[in-house]
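Okay, so chain A shows up in both of these, paired with chain B first and chain C after.
Presenting the complex of A and B:
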């Protein structure tokens, strides 16, 4: 892990979006996706407007267009579900290119693809512009229980250490010509998982002892920048604000 | 494979979000009571373990592979409350850092995998342990079967959410059959790997297995040393 605690999706840049406090970005992210989900699927133009908003924020963050595309793969199983929907959904059928497809199913597929893709886009922008410590700090700012955010802090701090341990175990198995193809050959993998658990747990105990010996009494001192300036909140919440206007217009337009 | 934004409508997503926050707050309280000031480092490291364990691919058949979900595994190893918190932490990080699972659907995913998968799976585990002999193999078998059942329970949880807030008129019976059928297969793999993993930990550090604490006299000195393996 580099000094900046970068992660797989982090994109190093200097931009207002990168500088914005994580709490503001997380709040804006949550509000934005909730608004997108609450938008009626028939208002196709509204989803275009949301996409334009995301592209604007993405270009403000100087993210290359296409940065988000590989990440869309995470929603593939649901894309598959969306693609079969027009064939299996009930209700009125319409003719599309010689196939009798369910009108309801087509709308449902559009709904899942549009909202899911916008959601991944928003997630990618926030993840690309926020480091792990900033994220944990932001969750704390948003009043998640402190026990929870402190566990999250330890988790993200040791994620790469544990994942590297797992990688070394896999290398060791492979070096001993272990190449299982069937479930009943999986014992060595389970043994690795067991060993990994014991090592993780014992590391946790060692970390705790090391902290106690340095005066730890059950909670970490609050660190990070002080109060968030109001302009950051205004700027961040302008994005879901604009999306909210679009959503209201979309509902009115349907009447 | 986590629910993305827009798959389930907003009211059901928000209700699940509220329910999951309540469950997390209750679990967090229990964890801080059980682990005291060790809570943050220990639970954090176990959550990192669950995250890594989910990257562990195991073979299924003819070279295809699946990966562990780990709900019952975590609950049996470190207790149901810590286990549920760890799964929830993994889901938070996956949604916020890896764009895996929508942020508006995070509550749904936490309900399915942390509340139903880990807490519910642990209830099944306790019930099975009551029915099986009080031996080490009893613990191993109970954890494996509970892990398999928990995967199917989580799939049924998804189905209930879909029935309440799904966005399209597919016959609910079709969705139920497909979800339960697929997850029965996934559950077999999950059960086998969970049982083998619990067995591996039991053979080295039985004192660390929360679900088998009644078998280990607490005064017995813990055997030291981690197993070899790389």
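Presenting the complex of A and C:
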């Protein structure tokens, strides 16, 4: 955790990537991922080019490798699946180090591994440079339905509050010599989950009262300072733009 | 007396909750513009129920309320909610937006305030509570005292005439309590303050009313009420251990001059 805006994935730094409006980063991220996925798996060089792009953006954001790499670990379950593919896929077999592996399976594994890693890498960069409130604003900017952005906003706001409440309840249990290690004590855990639900529900009612008191009449007021400067869009979309060129070249190269 | 209508006028207000527990049994109260009134009384006296009537969240079953001459009724509710700013006890209930700035802007935005005027209101409200430097922060990363001050700013941004505070000093450390008093004292609004903190009531409010069982049982200068041992005992009110009422008011005297200054 680092500083005031901290969520676990956020890296506090002052860089152009941090300053870029969240809407631009989100749009660029989505475009980049779509382009990566649309790239033929046989064009190995293209994925190298994408990785170089990510490293460039990452260094522009001044993210240390030691911060970014461990966060790629979220990908591991998918990697495990990818590693099985060469063994279980059917089709033509080739000999690799004494093992007969499926050619199709190998390409499939490579496909998942390369595209997955690039997608996660891009996500790590966006997450590391954007605070949660900015993300919600950005989504709202991108015209995501208000219901979703408002739910996300409330979640962002109250996740910590509820986590604190849970921590206090656990502390109170522990203080009374409760040691919830054994499965048959699940009953007490279920009870505290229920208590937590009731508390959150009651808080919801109080929050609603506070909202009504400040003139809430059923729809949230539109959020957002003035328009985003064009240069931010140009700069952000330059990344998927470059990736797009690589993708087109990759398809042409296959012909 | 000035020709301006009373800031708050309550007549024969009665209310019972759906389980038929009577919470208010005929409240009469007149508060003049600029006055600072403490509402004292034991738990269950109906203080919070009264507060929820002041901006029309609860509707009177009998009697009526006017705010600055305007009846608290359906068509005026938006204006009433602008005029009466409610600050709830738990700032985590009041601050529900992702950042301080968004939260302070919530009320004025609901009133249709936009652009530069909105910016100006957010800034002046945050400046009034000394939280301008924290405008971009998420509320969860503020101290409790800071959150309470932001909660007050969220209401100040609506340019209220009456500020209603529910237990403003609860859960504050001594310095936070003093800082809050420093924020409240210079504000140019009528204040109604529900509190169990009797020294705080004495410090900030020259006038107090005592509620018990849904009625106002005493109304007068705070110092005199607190000095009335029989009244205090009958209404479960007690000064903190070691607290002795000084004969001559100094802080409340200051507040009183600001009363007549309006």
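In the analysis below, the second predicted complex is superposed on the first by the 226 of 255 C-alpha atoms of A that agree within 3 Å, B and C clash if a C-alpha of one lies under 4 Å from a C-alpha of the other, contacts with A are read in each partner's own complex, and residues count from 1 in each chain.
The rule is simple: a residue touches a chain if its C-beta (ideal position, glycine included) is under 8 Å from a C-beta of that chain, and two chains touch if they have at least 3 such contacts.
This one's a predicted model, so the numbers in the text were calculated from it and none came from an experiment.
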item: Which of chain B and chain C A:115 touches, first, second, both or neither; value: first
item: In the superposition, chain B vs chain C on chain A residues touched; value: B
item: A:133 touches, of chain B and chain C: first, second, both or neither?; value: second
item: Which of chain B and chain C A:215 touches, first, second, both or neither; value: second
item: Touching partner for A:45 - first (chain B), second (chain C), both, neither; value: neither
item: Which superposed partner A:186 touches (first chain B, second chain C, both, neither); value: first
item: Chain B versus chain C as contact partner of A:207, first or second or both or neither; value: both
item: Common interface positions of chain A, toward chain B and toward chain C; value: 132, 153-154, 156-158, 161, 203, 207, 211-212, 216-217
item: Of all residues in chain A, those that touch chain C in their complex; value: 4-5, 131-133, 136-137, 153-154, 156-158, 160-161, 203, 206-207, 209-217, 221-223
item: Sites on chain A touched by chain B in the complex; value: 7-9, 26, 29-30, 33-34, 36-38, 41, 71, 74-75, 77-78, 85, 88-91, 104-105, 107-109, 111-112, 114-116, 118-120, 122-124, 126-127, 132, 135, 139, 145, 147-148, 150-159, 161-163, 165-166, 168-169, 171-173, 180-187, 189-205, 207-208, 211-212, 216-220
item: Sites on chain B touched by chain A in the complex; value: 1-7, 9-10, 13-14, 24-25, 28-29, 31-32, 36-49, 51-53, 55-56, 58-63, 68, 73, 77-78, 85, 89-90, 92-93, 95-105, 167-171, 174, 188-189, 192-193, 196-201, 204-205, 208, 226-227, 229-230
item: Interfacial residue positions of chain C with respect to chain A in the complex; value: 52, 55, 57, 78, 81-82, 85-86, 88, 90, 92-99, 102, 105-107, 109-111, 136-141, 154-155, 158
